[in-house]
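After this come two complexes, each holding subunit A, first together with subunit B and then together with subunit C.
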Partner chain A sequence: MRSILALAVLLAVAPLLIVPLGGYHALLSEMVIFAVFAIGFNLLLGYTGILSFGHAAYFGLAGYTMGLLLIHSDLPLWAAMLAGVLAAGVAAVIIGLLIIRKAGIYFAMLTIAFGQMFFFVAMRWKSVTGGEDGLSDIPRKTLFGLDLSSPVRFYYFTAVVCLAAAVVAWRVIHSSFGDVLRAIRENEARCAAIGYDVRRYKLASFVIAALFAAVSGTLYVLLLRYAFPQTMDWIRSGNVVVMSLVGGLGTFSGPIVGATLVTFLNNYISFHTRYWQLVMGVVFVVFVMFFPRGIAGYVLEARRRFRR
Partner chain B sequence: MAKKKSGSLSRREFVKVLGGGVIAAAGPTIFVPSRAWAQGTGPIRIGNIEPLSGPYADSGLDEMEGAQLANEDWNAKGGVLGRKIEMITEDAPSNPGIGVQKAKKLVERDQVDFLTGTLTSSVTVAVSDVAATAKVLFMAFGSHADDTTGSRSHRTTFRTTNQNYALSTATATWVAKNWKPKQVYHLTADYVWGHSARASMNRIFERFGVKEAGNDLFPLGTSDFSSYLIKVRGVKPDVLVVNAYGADQINCVKQFKEFGLGSNMQLCGPLSGTPMMKGIGTAATGVWGLSWHSTVDTPGSKKLRDALMKRYASSKKPEWRPSYRHYLGYVTHQQLLEAIARAKSTNKCAVIKALEGHKFDGLKWTQSQWRAWDHQNVQDVIVAKAKRDASWKSEDDYFEILGHLSGAEAYPDEAMWKQMGGRPLEPMSEIGC
Partner chain C sequence: MTEIFRTEGLSVRFGALAAVDGMDLSIEQGSIHCVIGPNGAGKTTLFNLLTGTIRPSAGRILFRGEDVTGLKPHELARKGIARSFQITSIFPELTVRENLRLAARAGRATDPEARVREVLEEIELASKASVLAGFMSHGDQRHLDIGIALATSPALLLLDEPTAGMPPHETEGTVALVRRLRDQHGYTTILIEHKMDIVMSISDRITVMRSGRKIAEGTPTQVQADPAVREAYLGGVDASLSAKAHQAGAATEPGPPLLTLEGVSTSYGLSQILHDISLTVRGGEIVALLGRNGAGKTTTLRTIMGLLPPRRGTIRFDGHDITRLSPEGVANLGVGLVPEGRRVFANLTVGENLLLPFFMSGVPAVERTSQLRRCFEWFPTLVQRKSNRGDRLSGGEQQMVAIARAVVGRRRFLMLDEPSQGLAPRVVNHLAEIILEIRKQGVTVLLVEQNARMALEIADRAYVLEDGRIVHEDAAAVLRENPAVLGKHLVM
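Right after this comes the complex of A and B.
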């Protein structure tokens, strides 16, 4: 629980730190929003050991659904967000049921295929999604009468959601359900032999990660007040894999560290050089080759050794 | 065990050293506190958004260079209103989401006075919306889509480049008058730009009694046009119209040449430019609409061309010449800074008023004008023939200018603009003026 407290304190003081660090409040919101995505994704990749390259589809689907409802209906913000998350959840259950029996590379390829399907629908269904131009001027409305229009207020809204997401993830990880997920990661065959319905657990993990992605997607669309096809292409799905790896797979704080760091660096380096993607590529390669356990993985190990 | 431990220890030290190094190297730059600037006395800050990576990187760089030259011209004269001009360029590849993030960053963190730039339509309209919400003046360089100053227009947005309607009108008029075709065949990229280009071309063709023999829609990013071109060969139209931009145009024209269709029919299209001709290479053919080319023979354009050559040619290949993207960047910044000087203020309301309806020398033949009711730069449209033969010496020779249509003739009038879904600009009071 100490990590949760530390996270709460960090989230609370972050707006004071970000400006001297060369950032700004909308960037901070973005960092926190991707942390939510990565926290959920870590349950799937880090704890269950399933690699998906298509979770941006749920991120984008939730964002589009919420955006369309906010534009075309009188639903309040919370209801539109909930509807977006539910829509993504339903899609994840259906797609998960179809593909969860596959493993490894076949599974990863199928997630890309389904993810790209959503991307192309958003790109081509011009009359509804606005096609390449996307959905613009999405109203942010108010949350239970609370005005979210200032960047700082909106940040605190995302921070609260992020904290809630971390608490949920913490409960999942430290439950017997979480133990089964880890068992699947370590040895799927043995786990099945003991009598667990491995497929159901994997599906649950897949859907939970999609729900986190969906929450993150609704926040992202609210931040930009704009939904566009690239929210769901495989590059964004790949980004969250990078975030998880840089932060540290299978650690609680890893995805948060990775998501905030990668988002900040992307923004920071792209201002200084037009070859920023190259720099980020090198960072990623260095991490995979030399620090496969990610930042959090090494910090935790160092702490363990220090205590001993 | 002991061995393993010492191994991981040294790795830990390595991490420490590396981490320390990174912090030491990055610290001084990261920990610079955001600068304090006093409004009205410090430099005038312009936030410039360009695709500097991805498929449009070359064009984005050209636009940035053009804008830079205009800034330098003014700074050499002591700036505007006694204030220097500072441009902050952000990279937004053709992804509207990144465009929105960068625009927000420029407005929120850097507190820029104005936004400029952008190339693709999707990024342009996205940034345009952000600027409208933030009530910041945005001068769009690129984006040919009619929507930018039509159904997605904003009081805070001005657009420099020619809109689709004007480019299509000029090209189709020239083709109908000079080639006198009986029937034309369209190959149209299946998205909003392609559709609107075809509709605009046909509007003119109908007026001249030219029939549409057929139209094929192809998806964006098509690399193999053979099935379409075989069909075209069967239909035998007099002219093939290529409503495509970027890589699609390059692939289509190259394969048109490979199929040897050039001996049976002519080829034309509403929009091309140096970036496309670089890709098409020796297969270059057809008559195209252009916004500018390095061989425009007016005194103003010659001067701009010389200035750009002097400033940038040393870092480029010998055959390099300024492109129309340079022109767009230069003219926009020149116009923005001049408007600030006329308004004697950087206040957006005053600058918008100074721009609306303003007539200026757009370095072409007839005067250009920022139209007050849609904020479009109404200007001459160039019609040019693409070529690449043995006489080709430099990028000047990509096009032979055939003529031009004045803005008054090429642009939609207010009734037409409304019919195309034009949205009236917000009243000044709504943007805080």
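Right after this comes the complex of A and C.
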């Protein structure tokens, strides 16, 4: 639980640190929002060993669903968020059931295909989604009477959600369910041979990651008050893979470190050069080639050695 | 005695191959039942059928009177059928205790921790409970593999070569474990095993398989006396081959040593496979390398080819030290390997398969055509098959393509790994003639064979491997007439 406490403290003091670092509060919110996405994605990629390039679809689907409900209905914010997350969850169950029997590259390709379907629906279904223009001027209603209009207040809202997400992930990782996920990553055939219905566990992991992505997606749309097709593009799905790798696959703190760092760097570098994607590409290549275990992976190992 | 498990006419086909063909098995409660047979007999495929990894194309599986045919692996595991694996299958990045706990929970143990403690004691790993499984020795990992199966509290235990790759002192521990499980805990075990002394001492009943079929069954004494079993392990040849071989053999005079191995030792990860192997092949010879399954024959060929560098020793070919040479380097010196299972490219035609060796080596087109023509002269049956895809060929034809592909491009030395595997007797004869013809054309041959009779008919000399060591060396003609040595090292 020490990691959770450390995270709580960091989230609490972050607004004081971000401005001297050359950032701003909305950027901090964005970093935390992507941390939520990456925490869930890490359960799928890092712990279960399943690579998906399509989880931005659930990120975007939840954002669009919530946005539409906020614009066209009188539903309170919490209900619209919940509806968005549930819609994404249902979509993940259906798609997961269809593709979970495939493995490796075939599975990854199918996740891209299904992800891009959502992207194209958002692009083409102009009357509902606003097409390329997206949904703009989404009202940021009050949450249980709480006003979220100021950047700092909104940040603390995302920080609380992020902390909750981390606690849920912690409990999943340290449950017997989490043990089975790790066992599937280690040796799927043996896992089935001792009596686990591997497909069901993989599906569960897939859907849990989608739910985290969905929560993250609703926050993101609320932050920008704007939903656009690129929220579900496969490039965004790829981005969360990068975050997970840079942070450290299969470690608890890895996705948080990776998501915040990559989001910050993206923002920082794109402010200074038009070629920021090139720079990020180089960063990614360096990590995959020379630091495959990610930042958290190396920190953990260094600590283990130090204790000996 | 009560029957706990039976199969009726269990069969599975892979394309044209009947890997398991009409197996009837009946297993008594509380017994150790061994399944044996030469390489490629279908033993592991049988296990895959019994545990749901492969679906049978025909037949039934009955467990405690219930029809369990077609159930998935996890469903069979929950019914109480647990298996260990031929190639160690554990969770390497979890601790030993975590490995067992997963299995105990999967087996719905009322108190998983207690079950873990029991199994830790049973497999004698209590002192290593907190060690990461992947960091243990090979022998400990083999025991953990069995332990994972045990922790699910099964009613039937399937062990696939539990002593594979173990040195003798560790083997004893495993045998004692399997025996204890029957004698003290009443476990029912089906066991695949190649070490015949173990099989004979531990089994209540033995089923002998060959080419997917049951050819004999009974107590160890009954099976040992069965002539069909001896035949299965030594293989067979036509009488006509003998005459041809002697005719062909008389023409050759062995040249100077072409290939020499001195004190070669090779390991796969933690388990040492070859111990101090020394052998010589002279130019123009056919040398046979014989031995039971798992003796180290394939490993010897892979070591020579540079696919698996040795830990110790030197390998010389035609004056060059090739001990640390890459496989391409070895190939460029004129060494060809025909791997076990033939590995013909299924999507390429016969012609394309044969031309493959030229694509990389920058051979001019004229040369390529002449090489291909030479190839078809040697293997006339392949001419009509030139445009057929690799997967449309019979087993014998695939073997021809594999050999042809290895000898084209000026190979001087050819290594063949079990070329007769899965071929009909008539085809085996033809194959033997082809090997003789290749030698006549000036190619030296190192032949690994399960069909010892065939190999000894056409070879000049033979080495016998056992547990990674050379235990016998003799002229083929002498060894052929020495049933004591053949029986001891090759049969049971």
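Definition applied: the second predicted complex is superposed on the first by the 308 of 308 C-alpha atoms of A that agree within 3 Å, B and C clash if a C-alpha of one lies under 4 Å from a C-alpha of the other, contacts with A are read in each partner's own complex, and residues count from 1 in each chain.
Everything that follows uses one rule, which is that a contact is a pair of C-beta atoms (placed from the backbone, for glycine too) under 8 Å apart; a residue touches a chain by one contact, two chains touch by 3 or more.
Worth saying up front: this structure is predicted, and the values here are computed from it rather than measured.
Once the two complexes are laid over each other on the shared chain, residue contacts for A:194 go to subunit C alone; subunit B is not touched.
By the document's definition of touching, of the two partners only subunit C reaches A:182; subunit B does not. Using the contact criterion defined above for the overlaid structures, shared-chain residue A:274 touches subunit B, although it does not reach subunit C.
Which of subunit B and subunit C touches more residues of subunit A: that partner is B.
Contact with neither subunit B nor subunit C is seen for A:204 once the two complexes are overlaid on the shared chain.
After overlaying the two complexes on the shared chain, residue contacts for A:291 are found with subunit B alone; subunit C is out of touch. Note: no residue of subunit A belongs to the subunit B contact set and to the subunit C contact set alike, using the contact criterion stated above.
Contacts from subunit A toward subunit C in the complex involve residues 176, 179-180, 182-183, 186-187, 189-198. By the touch criterion given at the top, residues 51, 53, 72-74, 77-78, 82-83, 85, 89-94, 98, 101-103, 105-107, 148-149, 151-152 of subunit C touch subunit A in their complex.
Residues of subunit B that touch subunit A in their complex: 12, 15, 30-34, 52-53, 57, 61, 90-91, 95-97, 100-101, 104-105, 108-109, 121-122, 125-126, 129-130, 133, 147, 152, 191-192.
Listing the residues of subunit A that touch subunit B in their complex gives 19-27, 30, 126, 131-134, 136-137, 151, 224-226, 228, 230-231, 267-268, 270-271, 274-277, 291, 298, 302.
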